[in-house]
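Each structure below is given as structure tokens.
Here subunit A shows up in two complexes: once beside subunit B, once beside subunit C.
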Partner chain A sequence: MIVAEQKPVEEIRQVIAPYERVLLLGCGTCVTVCGAGGEHEVSFLHSALQVAQARSGDGIHSFLEYTVKRQCDFEFLDLLTDKVKEVDAILSLGCGIGVQVVAERFSDIPVLPGVNTSFMGMAKEWGVWDERCAACGDCRLADTAGICPITRCTKGILNGPCAGTKNGKCEANKDMDCAWILIYKRLERLQQLEKMRRYYPPRNFRVIPRPRRIVKKADVKVGKDNG
Partner chain B sequence: MANSLFEEKLSSNEFLVTTEIGPPKGADVSEMIHHIDLLKDKVDAINVTDHQSSVMRFPSLGGCLLVKECGGEPILQVTCRDRNRLAIQADLLLAYSRGIRNVLCLTGDSIDVGDHKEAKPVFDLDSVQLLKMVRQMESGKDMGGNELKGAPHFCLGSSVHPEADFIEPQLIKFEKKVAAGAQFFQTQGIFDLASLRRFMQYASQFPVKILAGIIVLASARMARYMNDSVPGIIVTQAIIDELANVEKGKGLQKGIEIAARLIKTIREENLCHGVHIMAVGNEKIVPDILEAAQLVSVHQ
Partner chain C sequence: MDNYQVNRIKEASYGHSIIPPCQAACPLHMEIGEYVDLVAQGKVMEALQVIRDGNPFPSICAYVCTHPCEDACRRSQVDEPIAIRALKRFAVEFGGDRMIELEAVTTQSEKVAVVGSGPAGLACAYYLRKLGYPVTIFEAYSEPGGMLRVGIPQYRLPREVVDTEVQRLTHMGVEIKTNTRVVSLDLLFDMAYKAVFITVGAHQGLRMGIEGEDSPGVIDGATFLREVNLGLKPSLGDRVGVVGGGNVAIDAARAAVRLGAHKVSIIYRRSREEMPASPSEIEQALEEGIETMFLVTPIRVKRENGHLNVTCVKMELGEPDADGRRRPIPIKGSEFNTEFDTLITAIGQAPQLSEDFRLRIGRGSTIQVDPVTLTTNRAGVFAGGDAVTGPATVTQALASGRQAAFRIDDYLQHRYPLADTGEKKSSLGELSPKTIEMIKKIERLEPPFLPPEARVNEFTTVELIYDWQSAVNEARRCLRCGMGAEILFQDKCATCLTCLRVCPYHVPYIDDAGSIQIPAEQCQACGICVAECPAKAIVLRKPYDRRHIDEELEHALKSAAESKSKPLIIGFCCQYGLFGTGALASLWREGKAGIWIVPILCVAKLEEVHILRAFEMGAEGVFIAGCGEQCSRENTAFWVLQRVEKVRKVLAQIGLEPQRLQTFNLRIAEADAAEALDNFTEQIGGLYLNSIIKQEVRT
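Right after this comes the complex of A and B.
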């Protein structure tokens, strides 16, 4: 899933300052799970903005709340058409993709980000999210015992640990496990240490030419199943 | 024919002594030149560090050119933290064209331990890939596979960490570095000779030279700080206690004594092929250490 964090209320107030009527738009998928931009957060942000406005006395805003099932797909945005006509700007609490899809769908209205999209990851435990994949375009998990060295090693190196690892932790952050110690231990357990002894050549950054696009029309079903 | 004076010494049976100089933070190189002059005839080669601990400084390449100009034997430290493969290859071509022949290939410390924490970490390559890349350049081809007009040739080294608290993965990496073309290793700081002994029992099967890293500690506080904040360093409690028990102001003296004692033992017991002295900002005391370790006569 995509993990995000809500921007500070002060920053949000600054970006919406020029607009009187603002639609606070939540997203019902990833950002709902990580508590950054679902229905609950939308209503919470609504109150926070009203309180801040009342306290400072300089606000002119009126807010509308709405949360769609998914912002990153045009088909879920159609039901916004009428609401969008009633506002001057949309503050999207979707991830960076959501913000852009909404902006692409509604070309005549400013769409502003309400969250900082952080990474792709998982809930490690209640309230703790960890990054797990950087979409590097060349997945090497088969060689690293299912542990990603690109995201979990601060240097993203491929041929084993640096000398900075101490107590199994990373030199950059004592609270984070050294990815290469984890990889070593798991490969050892799986009796696949030869995978670590192998030489891995430098990464091929050409597999991520930006902007990236995948075209695969033949394989993708058209229709309901695909939603 | 050897690529460098240092490479020639690597193939001899001499006990090797290298040290390192941290370039200044700024354009005033007078103190660095002073240190080079002080050390160049007392050691076999001088490393110049590459933004050590990710702290921005005068460049390693610039420092090595100064060592060369002063008549010393430089070892260029190259890390992968700040430059991608194009920039590193270009630096190596420049280095070679100006007579720098020894290169220490390192991954580099994490950006987070340094003084520009918001910088973009590059790490296009790691230390093993860097070693391979230099060997490929020597064959006349750059990393893109294109012909070089004039191939460089270097004596290559890297680092290894015999005191890592989890040694097995470090040894795998060490073997990869040997296979990739490393000829010599300067170890991370050694404080416990037992671990060096253990490591050498294993490492002596490889055709490489090992120089034990000796860090000069100036106080118990510095030792504790290093344990806490410097990647990989593990100072033993015995050494911390030794430093803590001296009178105020005598810490550095004690540090020199400890360093000299380690060097002497390593040499007398023939534990490895030499030492690499890291005085971390205290370069001027290196001659005192050499003297206390009775190494001066060897190198004059």
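Right after this comes the complex of A and C.
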């Protein structure tokens, strides 16, 4: 799941400053789950912007709230067509994808980000999220006991641990587990320690050119004689 | 709240409310959860209103109801049931029931006759009057009230209480003809009554069928109590035996003590566990020095030298019989003799009906009726109360009287009876062990009683009333069954699992299809998940959530806007437990600052947006006052503090000092709470002045 964090109110105020009527647009999927941009957070931001406006005496905004099921699909955005006509800008609390899809769907109106899309990860417990995947496009988890060194090792090295590991923690952050020690321990449990003894060559970034696109549908031609 | 949400909440029907088991068990189906909750808020007049809506004579039930609701109360799975009857008594006394006057206007022409002025007859008359019918009650005795007057002793039900209710009825226009025994129903129809309700009760004492039963000195319990209640003082002698194990037996024994008998023994053929009398009555009887002879039954009475020589036999318990109680079997050769001056037999009563009524009679000499319409074999004649059920209870009689009134109305209006199948069931199952484990155990508070020494000499009322604090605390124990959380918008639920993670009672779970379920029978209606759900998909079945808070907040803000006192401070304050009326309210009344209290039904339901809204509308400071560890729910303070931190962060970003938002614990000594609030007010005053000065410097 994508994990994001709401931007500070003052930053949001700056980006919306030129626009009088603003649609605060939530997303009912990932950012709802991570508590950054669902219906609840849309209301929260709305209230916060109102307080800021009332207290500072500057700002003449009027806000509309709405949350769609998912911002990253055009079809869900059709519901917004009428609302968009009533505003001067959209502040999307969806992830970076959402912002772009909304912008692509409504080409005549500024679409601004309300959250910082942070990573792909999981909820460790209520209110705590951890990164787990960098979407590198070349998954190596089979070799690393299901623990991703790209995201969980500070240096992202493929042949760890480095000399900076100490008591199972990382030299860059003493509260953070060293990913390579975690990998070692889990391989040990799985009796696959031989995987530690191999050398993994650097990854070939040419297999993952940007921007990426996945095409699942086959290029077929429907003709008279087939189907 | 955005319009989209408001509209959807409006669209969603709330017809799916769940009947809590207490309400289902009450023959009148009173809204118990509702009035208990109002008592917990200290809203005693509102509580009385709810009680009055569901019960024509709450003051009577408040004294003598056998409270089947308490037997059904789910709190007994945790510790002990809520003291529902005593709370009703509190609401009746403190809510000003005495002051209530009832009016009724006659809008119908058909006269209705009610035969018998027991609770069933009185209730029927009450509702018929409300429906606009002219009603006459015929009563054989000199005073109306039935068993309320001639059965239940005064020390349990003061006569003034019955008098007041009867007076109210007369005030409503009910005509009561006492000393008038109805012997023929034809006569009533000749007198132009269009419908008749028969509620003659069950007053005929059952006979034991033993030798010597008719000797002088042997009297049946109902007759004895009637004599006592009508002011006769039957002479009993020193030693009194009372045969039976029900409430009538206990009442007769306790009345005998009050009439001066020195040794009163209850003779019961089973053991204490099987006694049908209510355990608390038995307890009180024992406290008053009444002795018991269990597993004993009299088989012969002989009058000798002015005494009764009673031969008894000992019993043992055999196999359970049809009603599940173990059948007593005489032990051969265990006869023994004992002496009494008076023997009171209280083994049950049956209705006594005039032949001329020409009614079809069933088991135990009771009148046969259709259970839904209460019609008898004769057109226009309805029957209810003990005369139909055999000896039962006051509330059952009231419920049957109410049912009769509506069915008589159907009959007179030539309407097909609007099916009221009567039976209401609660769909709430048992609490799960893991939920029970998390529910705070809070001891049941009983109202005080007169000490036994003080009560045995007279017929004064034995049970006293709660004080405010005890009543409120007892009411706060209620689990609010069926009022809990519900995912109103399954399509909005993002299955984020927040509710599952934040619920202190482990209520939400993931079903086999991967959807979140919040089982109503486990939910404690704490409201935490409602406030935390990032999709705003959850509401409480009883709208004590953001809908209630929004409303209260807007109300307070409106009043604040009208008043000019500055600086404005908004206090979100727990409404349970009388805190709002203590230290806070006095501060507020004194108008120390422009403090406005927003009452919240537990601060766990307060959301960040409410706090922000207060600041938006000009509050210089906001405080949240909860009841600390006295909260009957779990984790309240934790969640309040989480939300406070979130708001403080935003305040800082906006340039407002985070200390403008504070939390207080109202549980600490009143003086401390007042001082803490004083300091806060002062601090806010300072911040306010600073901001004004800054503003002036700027301009």
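The rule we apply is simple: the second predicted complex is superposed on the first by the 217 of 227 C-alpha atoms of A that agree within 3 Å, B and C clash if a C-alpha of one lies under 4 Å from a C-alpha of the other, contacts with A are read in each partner's own complex, and residues count from 1 in each chain.
Just so we're on the same page, a residue touches a chain if its C-beta (ideal position, glycine included) is under 8 Å from a C-beta of that chain, and two chains touch if they have at least 3 such contacts.
Quick caveat, the model's predicted, so the values are computed rather than measured.
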Mind checking subunit B and subunit C on superposed subunit A, clash or fit? fit
For A:166, decide between first (touching subunit B), second (touching subunit C), both and neither. first
Quick check for you: in the superposed arrangement, does A:110 touch first (subunit B), second (subunit C), both or neither? neither
Of the two partner chains, subunit B (first) and subunit C (second), which one does A:55 touch, if any: first, second, both, or neither? second
Let me test your reading of the model: by the given contact rule, A:126 touches which partner, first (subunit B), second (subunit C), both or neither? second
Taking the superposition as given, does A:33 touch the first partner, subunit B, the second, subunit C, both, or neither? second
Which superposed partner A:10 touches (first subunit B, second subunit C, both, neither): second
When the two structures are overlaid on chain A, which partner does A:43 contact: first (subunit B), second (subunit C), both, or neither? second
Tell me, in angstrom, the smallest C-alpha to C-alpha distance between subunit B and subunit C in the overlaid model? 24
Determine where on subunit A the residues touched by subunit B overlap those touched by subunit C, and list them. none
Any idea which subunit B residues touch subunit A in the complex? 81, 85, 107-113, 121, 123-129, 132-133, 143, 159-161, 164-166, 168-170, 172-173, 175-176, 179-180, 188, 231-232, 234
Which residues of subunit A touch subunit C in their complex? 8-10, 28-29, 32-35, 38-44, 46-48, 50-52, 54-56, 64-67, 69, 123, 125-127
Complex contact set, residues of subunit A against subunit B: 154-168, 170-173, 180-181, 184, 188, 193, 196-197, 199-203, 205
Report the residues of subunit C in contact with subunit A in the complex, numbered from low to high. 1-2, 4-5, 491-492, 494-498, 501-502, 532-536, 608-609, 612-613, 615-618, 642, 646, 650-651, 653-656
